[in-house]
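Read through the structures below before going on.
Consider the two complexes below, in which chain A is the common component and chain B and chain C are the respective partners.
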Partner chain A sequence: MTQGLRTRPPRPVAAAPPSRAVGLRWLPPVRARFVLGSLVVVLALWQLCASIGLVDVQFTSTPVAIVQAGGDLLSSGELWENAQTTLVEFFAGFALAVVVGVPVGMLMGWKLRIRQTLEPALIALYVTPSLALLPLVVLALGIGEASKIAMVFIEAVITIAVNAMAGIRETDPKLVQAARAFCASGGAMFGKILFPSALPTIMAGLRLGAGRGVIAVIVAELYGGTDGVGQLISTYGQNFDVAPLLFLTLVVGIFGYVVTALLRVLGTAATSWER
Partner chain B sequence: MADITFDQVQISYAGKGEPFVAVNGFEAHVRDGEFVTIVGASGCGKSSVLLAADGLLRPSGGQIRIGEKIVNKPGPDRGVVFQDASLMPWRTILANVAFGLEMQGVDKATRLDRARHFIELVGLAGREEAHPHQLSGGMRQRVGIARALATDPEVLLMDEPFGALDAQTRELMATELLRIWDLDRKTVLFVTHGIDEAVFLADRVLVMGGSPSRVVEVMEIDLPRPRDAAVRASEAFGKYRTHLAELLFGAQAGAAVPS
Partner chain C sequence: MTTTVSPRKRRVPEKAMPIVLGGGFLVLVAILWQIAAWAGLVNPFLTSSPVLIAGSLGDQIGSGLLLRSLGTSALELVIGFGMAAIVGVAVGLLMGRYRYVDYVVEPYVWLLYSAPIVALFPLLVLMFGLGSPTVVAITFLMSVIPVIVNSAQGVRNVDPKLIRTAVSFGAGETALLRKVILPASVPTVMAGLRLGVGRGLVGVVVGEFFAGDGGIGYNISFFAGHLGTTEVLASVFVVIVAGVLLNVGARKLESLADSWRTELP
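Up next, the complex of A and B:
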């Protein structure tokens, strides 16, 4: 669940590179050179294979066609219109999941009786592919935004709660003992020991939950709806129009990456004492 | 009065089946302002006795009193220093030292002032804004001591505070501790498995042994204070050390006690 998520080995501080011989032009850092290099090679090979007929463009499209399709989607306003819907659904569901999942998870970590009461249900939901609940949710809430928000919520809230619970439970018992020795009240124990100690794991849970939420909103829109990026993907798929389909998939991937990266920055800021 | 009375204290651990009795019939009295060390083999329950004196662990029998008051939970009259310092990694040194006062509801300006005073006292002035992971093991223990002193307890309970430090730092810390203790001579109960440390610090050494364990001998340490390297090198110190080693490990070990 949370193993290894917040225990990235510290990145070694890179020593300043030795100064280059005078006259050499500036080159990007080594890592960037490899990343960019592999991207360029893959895209070039893809384009080449398609143009000499080695692969069927009906299925693979080509990088150039995907960029053109992207341009069309952007300039017609079609992307932005649908993205707005998806964004609203995602952020509403995710915000709800944070507001519910973090307190519930922390309470479960803190109070044995609450944990014993709720844990079986939580674990059952955690291991269930909750996307399988989608047909039921649509039956209950219709094909509008409500069912999408509900799916994001369901997917994210479980991960968030499980991590918040684990964070509280992983608190060093020695710190709890020390706080007791200094006469900490129940509230102080929670606010000044358990919560700060759990914060890195809680933040890791938010990151994981956001990733699952992005998947949920797209899948829910694929399943049925009147607008949204998932619905666009579904429509282009049915029309066998691969280039815009791939472009939209890429957009979703980038969005998921950006949200996760933002949460990572937020988490790093909130737990700056770790370094 | 802040003397500590151990009255037929028994400590047991729950296990499968019968509870395991680790300490039984522990009798001792620590006088007000006295520095008493407890030594014993590892696992003899000496730390448990100390934690029980703070109320962090409930004895299965007998009674511990601070003055006339029976101990049943931690209180502001006692300060504890733990073996691994147990500092909150997310708090600065200043905020760690102020923690006890914060729990007692002392206002922020006052508690930070007091915390600064004790940080200076333990020799860490200038490191107030550092975080625990930026300090060495010895420095972290200094913070632990400052945190315990900041609430001005009558009794200081120290659970092998220098146990994880290297030999040199350990000697230095012992001397430092005596310097600080000498300022207002609180009642101190100090658990250790270090023979040198036990003799060097104490007015009296309580030697634990037996199974279940109890106090098997009380050694009066009649060495001049303030104590320094010269005391450590003295013949009297050596005799106490040898005697204590004999008590703990048998006669042969006493003759060959490592220095």
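Up next, the complex of A and C:
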């Protein structure tokens, strides 16, 4: 491995890459190699331990069984059917949270009196597990889709509002003073100074809110429901059928990761003027 | 002197504004809620009322239920979060200090971070049985992640000049860790612990929903199952108070842990 690396530099030198670029060129592969190696070793050990009976397969399942269970779930259409419900619930709740949370948060950041009025209540909800409200929401809205949408909304809206507020408040006061000195109207102040400067923090809030929303929709479906991925997990869980349980948990984890990554890309694109 | 007095006179009410407005808002909501319940504008079965909730809290205190449940939940939080703090800081330090440990452990940290840990409760029940041990396990898994991520970040952010200086003065790995890396990463580690205790509280409450046999979260779920909105809201109120107190305490500790630091000119 090291030999291969040592023999490499002479050729690209002709292309004259700066010395930093050489380091950067082979650094990611090292990282990828270790990450992949670690995953392969752990999966192989897991499979090996299970097949020679070192760990109880009933508790831990095996990577092969998980892949098989995943294949079954995918080919029978069971996963997609339930995922549709979950996706609709998640995106409805999240969209509502964005529509409500961003304006309320920005208003709180902008107007001192509104902030002073609403901040204690908002922060109290921010630092407490709002999932504690789940049984209450189910009691009020039933076990249908409405209660899941409401849970995603509650979980996401608080994070989004807190970040939108912080974003507006972090605006450079010099910019605000300059705009004021040039007699900017309220609308111009907001549209040209406050909103653009708060946008990165708002996008970070959306990302955090989406992550919390994914957990919320799954936990709400676990708690009670008729369909959805969480309900599927709950059914397999009650039968102690560990392989599909782990597969579905993995799928939800990947979904959460993808949504967060997409929002990160969107945020970078939206704030590209900054650089 | 005389010039400083007059602005101070005006500043005192300004300083009180957040308390007046913020507290007033909460009181106003409670009063409107109560009036709406009395006037029959809202269905008291679904929304209860502040007076009923206060009464229910009094009952729960009187019967000893509240104290018992708080004790159960607090014990679960202390054990679960305590283990998460020890394991998380240790793993985070190793990840931050050694690049290869970082690469090897990284995928599992991200997996745990984005996966819904509560969904694993049937598996944990299978391993630990229904009750506190499972709740402790969920709490541990929920709160260990921010501790790991922040501790690793804290170590990575230590000024390399400090490390190089210590090494060139002959500091071994232990001395380096104890005298340079740990003190320099305290603020980030403490922030991670604060985030971790918040997630730990979520773990305790939600864990008790699904796998508990006592505690505040279990009470919420139990009363909701018996359609006792008032009792549910009383327990939720307790959770909110606990969350706020934990956060305030964590922030105090955070600034305390950082108070020895002096700014060098």
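Keep this in mind: the second predicted complex is superposed on the first by the 245 of 275 C-alpha atoms of A that agree within 3 Å, B and C clash if a C-alpha of one lies under 4 Å from a C-alpha of the other, contacts with A are read in each partner's own complex, and residues count from 1 in each chain.
By definition in this document, a contact is a pair of C-beta atoms (placed from the backbone, for glycine too) under 8 Å apart; a residue touches a chain by one contact, two chains touch by 3 or more.
The shown structure was predicted, so the numbers you read here are calculated from the model rather than taken from an experiment.
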Partner chain in contact with A:136 - chain B first, chain C second, else both or neither: second
First, second, both or neither for A:108, with chain B first and chain C second: neither
Per-residue touch tally on chain A - higher for chain B or for chain C: C
First, second, both or neither for A:152, with chain B first and chain C second: neither
First (chain B), second (chain C), both or neither touched by A:245: second
Contacts of A:203 with chain B and chain C, given as first, second, both or neither: neither
Touched partner set for A:116, first chain B, second chain C, both or neither: second
Which of chain B and chain C A:182 touches, first, second, both or neither: first
Intersection of chain A interface sets (partners chain B, chain C): none
Partner chain B, residues of chain A touching it in the complex: 172, 174-175, 177-185, 188, 192-193, 196-197, 199, 271, 273-274
Complex interface listing, chain B residues touching chain A: 54, 56, 74-76, 78, 80, 82, 84, 86, 88-91, 99-100, 102-104, 131, 147, 151
In the complex with chain C, residue positions of chain A that touch it: 30-31, 34-35, 37-39, 42, 58-59, 113, 116-121, 123-125, 127-129, 131-136, 138-140, 211, 214-215, 218-219, 222-223, 230, 233-234, 236-238, 240, 242, 245-246, 248-250, 252-254, 256-257, 260
Touching residues (chain side chain C, partner chain A) in the complex: 17-18, 21-26, 29, 46, 100, 103-108, 110-111, 114-116, 118-123, 126-127, 198, 201-202, 205-206, 209-210, 217, 220-221, 223-225, 227, 229, 232-233, 235-236, 239-240, 242-244, 246-247
